[in-house]
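Letters are used for the chains, namely A, B, C, D and E, taken in the order the chains are written, and counting of residues starts over at 1 for each.
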Amino acid sequence: MNIINLTRDYDEDFVHRVEEESGQNVSLCYQCGNCTAGCPYTFAYDIPVSQIMRLVQAGQKKTVLSSKSIWLCATCESCTTRCPNMIDVACVMDVLRHMARREGLAAVPQVKTFWDSFLDSVRAHGRVFELGLLINYVTKTGRFWTDMDLGPKILPKGKLAFKPHDIQGKEHVARIFERFERESNS
Amino acid sequence: MPVLTGKELRIVGFLCNWCSYGGADTAGVGRFNQPTDLRIIRVPCSGRIDPLFIAKTLINGADGVLVSGCHPRDCHYAEGNFYARRRLEVLKRFLPILGIDPARFDYTWVSASEGQRWQKVVTVFTEQIHALGPATRHENVSPELLAKVASAIQGGNRVAA
Amino acid sequence: MSEAIAYYPGCSGLGTSKEYDTSTRAVCAALGLSLVDIPDWSCCGSSPAHTKDHVLSAALAARNLQLVSDMGLKAAATPCPSCLTNLRTANHRCEAAPFKAKVDKLLDDPYAGGVNAVSVLQALTEMVGLDTVKSAVRTPLKGLKVACYYGCIMNRPPELMAFDDCENPMAMDNILAAMGAEVVPFPLKVECCGASYGIPRPDVVAKLSGKLLDAAVGVGADMVAVACPLCQMNLDLRQGQVNRAGGTNFRMPVPYFTQLMAVALNIADEEIGFSKLCVDPRPVLSKALAVAD
Amino acid sequence: MSRLDALKTRIKEALPGLECVIGWQKGYDALHNTPLFIRGEADVDKLEWGALNVHNPAVYLPSFAGKKVGVVVKGCDSRSVVELLQEKLIDRDNVVIFSAGCDGVVDIAKVRAKLAAAGLSAGNAEKVTVDGKTVTVTAAGKAVSMPLAEVAADKCLRCQFPNAVLADAFVGDPAPQVQAAPAADADLAALDAMSVPERMAFWRYHMDRCIRCYACRNACPMCVCRDHCIAQSREPHWLSQEDSVTEKLMFQVVHAMHLAGRCTECGECQRACPMDIPVLALKKHLNRTIHDLFNYQAGVDVAAIPPLLQFKLEEDNIKERSW
Amino acid sequence: MRIGVFVCHCGSNIEGTVDTATVAKASLDFPEVVYATDTMYACSEPGQDGIIQAIKDKNLTGVVVASCTPRMHEPTFRRAVERAGLNRFMFEMANIREHVSWIGRDREANTNKSVDLVRIAVEKLRRDAPLIPSKFSVNKRVMVIGGGVAGIQAALDCADGGLEVVLVERESSIGGKMAKLDKTFPTVDCSSCILGPKMVDVAQHPNITLHAYSEVDSIGGYVGNFQVQVKKRATYVDWELCTGCGACMEKCPSKKNPDAFNEKIGPCTSINIPFPQAIPKKAVIDPTTCRQFVKGKCGVCAKVCPTGAIKYDMTDEIVTEDVGAIVAATGYDLFDISKVTEYGGGRYPDVITGLQYERLLSASGPTGGHIKRPSDGKEPKNIVFIQCVGSRDKSLDRPYCSGFCCMYTAKQTILTKDHIPDSQSYVFYMDIRSPGKMYDEFTRRAMEEYGARYIRGRVAMVYPKGDKMIVRGADTLAGTQVEIEADLVVLAAGAEAAKGAPQLAEKLRISYDKYGFFMESHPKLKPVETNTAGVYLAGSCQGPKDIPQSVGQGSAAAAKVLALFSKDMLESDPQISRVDIKRCVGCGKCIMTCPFKAIKEVEFRGQKKAEVIETVCQGCGICTSTCPQGAIQLSHFTDNQILAEVNALCQS
């Protein structure tokens, strides 16, 4: 295990950024563990959410932003709902993902790819084109076996469209993304 | 030397002994930092505060007046703050007709246990007074404004009689 | 009887949750709740948007809220909890002027604000009411044991969603009970099913959804009624994956609560859309109803 | 029988049991009526009734405390009597109230202006007759007629109480209510239209003229402190003798606040002011506030408790600030 | 006047951020100040001696001390100036510690502000007048409100001290929460065995009058002379006749009512004596369930009662008790566990409170001392205890630590092992709070000797699966989620203020905090006094307390009452209102607004005037701000004094 030198490795700016972007006071956390106790994803996490909170308090930016956990949080709000100190933990997790993206980190790349594919689909059509999204995801990740088993189940139901439902205002939606990129780069 | 020029404004507080003065003490015991402008006059009960004290303080040039008593129903004397609430509300609504910004006066309730609330009240109120800036006294109305209003009056304002 | 409300079906309503959309429309029409389609609505951004950026997420949602405002309506109903969360979050965050200014910068025209978003479940509860629902029943769901599963974000966090109890919600239970069904107390009503990790992490979904199906069997449910397209997909379409991963043998029908309502209201089969589900609820349903007779 | 004759009859009947009856008589010139203290039957015939009875005779009542007196009042004056009774400053058993319907009284300043417009001086007024809605003033041999509505006191234009709210002897037919009273008081509207700093300048402008004669206070029927007014006492010592706008305005604030919930807007303070300072506006403003907050109007109900001498656990209209 | 100003350093408490020497020097410029100095600790013996010496040496006639809050040391300094021969009211304080040095670090601003505060104190002092207290007699009876262990102790100590005591208890028996406990920590001795004798002493003490099943209706008067109206609720049983034989309970046909004494986990009859050791041991009928009341016919108890004590037509009765002091000992209530929906308390029968568990453990409880879970009566093997339910939780508006739950949970794990040797207890905790003699050792024993498994973390949810309760929590030390299949879940529900506590506080005219706990006069130095003279506190009504602390406070409150009653006459505070008869116009506005009826109308030379009743006036000053001509002035807070302060601030 690594020894953390708290005098040297405490990243004050990181703590402030997390607090500012999430609007949460992380020092309210007294490590009761209720978030971890309720989190359905704890089994899949590399660092349980209460320890993520602890590491944020401790200013351990690198450990936090390179964790898998922040990509596996589904924002199910169990932690936020039950926190005795009314910290919006799910929002903190969201903000950590934002920061990881900015740092170019994605410890569970296929999750990020799936989300990106989803947003690409929205950007292109104004709405999600479900089949297109899946194909895009498979192409990007090379995980061609994804949900192969489900094809025979769902295709006969006639629910999945083979063509996107483009909306008239899709240009507006695309402009939202363009402006967002411009704002984030400026 | 009293008001630190450029730093402080003259803010006068009237606090009841049992709740709010105690609340300010609690804030002190808790070392809850506050702006230094406020000067507190201790009275036994908010019901002792004749609204004319506040009017006089403001007319005589204070920049702000803050009154605080026990929460309604918690008055040490059972009813003082109920009378105070009516009288202070009437005064607050009276001030603007005299040419005094009603935001220069506020009244609230802080209990002896509410040190943090007191800190907040003082901080918010002091910031509010600083946002308004130093008060003008009737004596010191600018000649331009006086001339403007005087000519409006002489020009047939009915109130001039 | 009740005023009109804008209707936001959500992207899946055009695809994987078509039957949720058709049954919702049919049920609301039967109960006199007038749903008005939002012209040219776009995707709310769902989870992928908020995991990327909160302003982007709010802008994608706000475009739709503004469309509702343009219709002259004050509220929109959506069947999908994920859409609901995004629309409500956008509204909530836009109450802070600096945040709203950032959102407006991304939009063609600034969002006027003040459009409320509610779930179809909430609209049925508050705008139609249990009494009306009860009196409209034609075929009571007598003898049918249903576990009501609300999903993780329908009621959470309570400060934002402001509807029903966040730990033990009852709105769906009450409606299906009014329809004559026997609702069984389901302890994992708000536990997460695995959400959108079906594609990138099917193992996670298999474990979480497996737990839910196990609990539903444990409380003796004939079927699990759901209110979320993603939950439905994980529990129904992926039930095979769950069984394979956990060595189980679930065959649990997972209809939308609106489909069950539609049955009770004698709505036409094509609008109910049971055929679009993987585990067909009809055998269990007819058996239960027959026994009850 | 005219209202005046009817009043005289009733007063004559009651006079034997009374120390005095307060009313009005012809004054030092034709335009002014002045207070009359009827002590014997001979005095009764001096009584006047009509548009020149501008004074509020209620102001004299507390000085007769303990003695049984009569008072002749207009509708507005009667509210002062009610207020004095309510505050137990006079005893109901010791006061007999005579009244008749009132069609309004004149504002001498307005009459003066009308005469001036006709090239006449009010000082030369020889005769005044009021006939229904018309006032005719003869000055320097020339008669000038003017509609009462144009020279009536402002308060009469908005009068809610042309008939006494409380009377032992009300004679004649009641006077009609004022039709279509202006919604807002013009004095208040003018002040309302000003910015807060402009109002400060307004009072600075007016209070500069104050000579601290306290005529406003002395004319006020509700200023019952009399010799003990805190404006002039040392114990307590609220005001200094300094001739500053601050001190002069402070007195007006004292006066107004002491009248909060008690003032009936008889207007005597302003009428009495030799410097034409619009001091009534402060009281009107407070009355409006009291009405907004407590839905209360002074001088209409002897049994009411003034709003600042009572409270409710939950106030209906006070919304306290949250911090 | 010759005024001396003493500016206190308070060690570094004031001097650290206020230049006291400068403050003293500046004070010399104020009118009538002839002497000013700074001093290390004004309140210390040398500090007080310095003030006394200066009064004598400089012929001072008034003193200002600038130091801490007057709420702390005003009485101290008043006594000091009195020792030097001045009237104690020729003294003022400037609060430059709590209101200056402790709330900001800016030395220049603080020094400057301190000068201002001394200035207004001097201006006020210049208008002070000597005041002489008057004396009044004391009614040496005391009322204790609440018959839990704190109230019992206070009542017994007062009674043993020779005072007449009136003990008022809301329930039909005294004993409070302690009577419901099976054993007590850390000694594990039987609760009713140690409380029982004290309860009997109360019943038998010749000096104690007990009003059980009674509540305080209203309180008038003041220290030394309170009048308390006590409402004796209708019991429908004549207690003069009732022998407590229990024949009525045996025959009562309505047997399935939730038993309040057993925390509703067992049934009781409509006519009931709550427990065998009840004091008084008298029956009470619950009219909401009794068939005679609900259905209008039954009358079984009346038939079987051997003494004919049943009185269905009984009504509430008000008795008036005159007392000189009051001890409030109204205890606490438990946090409502059903508010924590995720634990299922109230929904799942096998999720219970710690106090309910005590009843399961108790031999006099509904299961006769055998631990049987409520749902199916089975003996549980795996028992999960969850700590901090309704404590240390901001989201539930209960941010405070209830203090005793850690200890009673440890005790319950030990008792569980004693009752069911093959059981396993699990305790979810956040921190173990066990400061107290033998307390921490006790919690260690629970783990080391009794094998209780302590898990550091909260529980997120409890839900049924089959006949088990699944408890899902976190082990934060291991950094994992954990699940336990429990047979019974015991929630350590936190303490909250007793129901009705704020309403009682209003009747007593004492303060209470935002949670409803009564406020002591000083958190450290006056823990059982209140800001209302003659009213004292004991036990958990002031904040959560365990048994030894409650008993200690009961004794402390009794000592305070005995000290108060050691004098035959009390001095009234002379800071009361006085009427200037020349200025009074007899309008009676002061009489109308006085909350204490302390002003009466008198005739003076044929004129109506107001007159203050000295011993009744409490010194609030509402009359002073009501009187338009300023004819009634509150001594020590006169218009002129406050105006002088205002003027000093506005002109400086």
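The definition used in the following text is that a residue touches a chain if its C-beta (ideal position, glycine included) is under 8 Å from a C-beta of that chain, and two chains touch if they have at least 3 such contacts.
Which protein is which chain? UniProt says A = Heterodisulfide reductase, subunit C; B = Coenzyme F420-reducing hydrogenase, delta subunit; C = Heterodisulfide reductase, subunit B; D = Coenzyme F420 hydrogenase/dehydrogenase, beta subunit; E = Polyferredoxin, heterodixulfide reductase subunit A.
Since the structure is predicted, the reported quantities are computational estimates derived from the model, not experimental observations.
Engineer: Going only through chains that touch each other, how many steps at minimum separate chain A from chain D?
Structural biologist: Minimal hop count between chain A and chain D: 2.
Engineer: If you apply the touch rule, which chains end up adjacent to both chain A and chain C?
Structural biologist: For chain A paired with chain C, the chains in contact with each are E, in label order.
Engineer: Per the definition at the top, count C-beta pairs in contact and tell me whether B-D or D-E has more.
Structural biologist: Of B-D and D-E, it is B-D that has more C-beta pairs in contact.
Engineer: So what's the Cα centroid distance for chain C and chain D, whole Å?
Structural biologist: Whole-Å distance between the two chain centres: 71.
Engineer: Using mean CA coordinates as chain centres, what's the chain C-chain E distance in Å?
Structural biologist: It comes to 50 Å between the two C-alpha centres.
Engineer: I need the residues of chain A touching at least two other chains; which ones are they?
Structural biologist: Residues 43, 78 of chain A each touch two or more of the other chains.
Engineer: Give me the residues of chain B that touch two or more other chains.
Structural biologist: Chain B, residues with two or more chain partners: 51, 56, 60, 73, 79, 83, 87.
Engineer: Counting only residues that touch at least two other chains, what does the list for chain C look like?
Structural biologist: Residue numbers touching two or more other chains: 166-167.
Engineer: Would you please name all pairs of chains that touch?
Structural biologist: A-C, A-E, B-D, B-E, C-E, D-E
Engineer: Which positions of chain E touch chain B when the two form their complex?
Structural biologist: 26, 69-72, 95, 97-100, 102-106, 108-110, 112-113, 115-117, 119-120, 502, 505-506, 509, 511-514, 519, 531-532, 575, 593, 595-596, 618-622, 624-626, 634, 637, 639, 642-643, 645-647, 649-652
Engineer: Can you name the residues of chain E that touch chain C in the complex?
Structural biologist: Residues of chain E touching chain C: 341-342, 347, 461, 463-466.
Engineer: Under the stated contact criterion, what part of chain C meets chain A in this complex?
Structural biologist: Touching chain A from chain C are residues 11-12, 14-19, 40-43, 45-56, 59-60, 63, 102, 105-108, 152-153, 156-158, 166-167, 190-192, 194-204, 207-208, 237-238, 240-241, 275-276, 278.
Engineer: What part of chain C is in contact with chain E in the complex they form?
Structural biologist: For this pair, the touching residues of chain C are 165-168, 187-188, 215, 218.
Engineer: Give every residue of chain D touching chain E within the complex, in rising order.
Structural biologist: Residue list for chain D touching chain E: 66, 87-89, 224-226, 228-230, 233, 235-238, 258, 305, 309.
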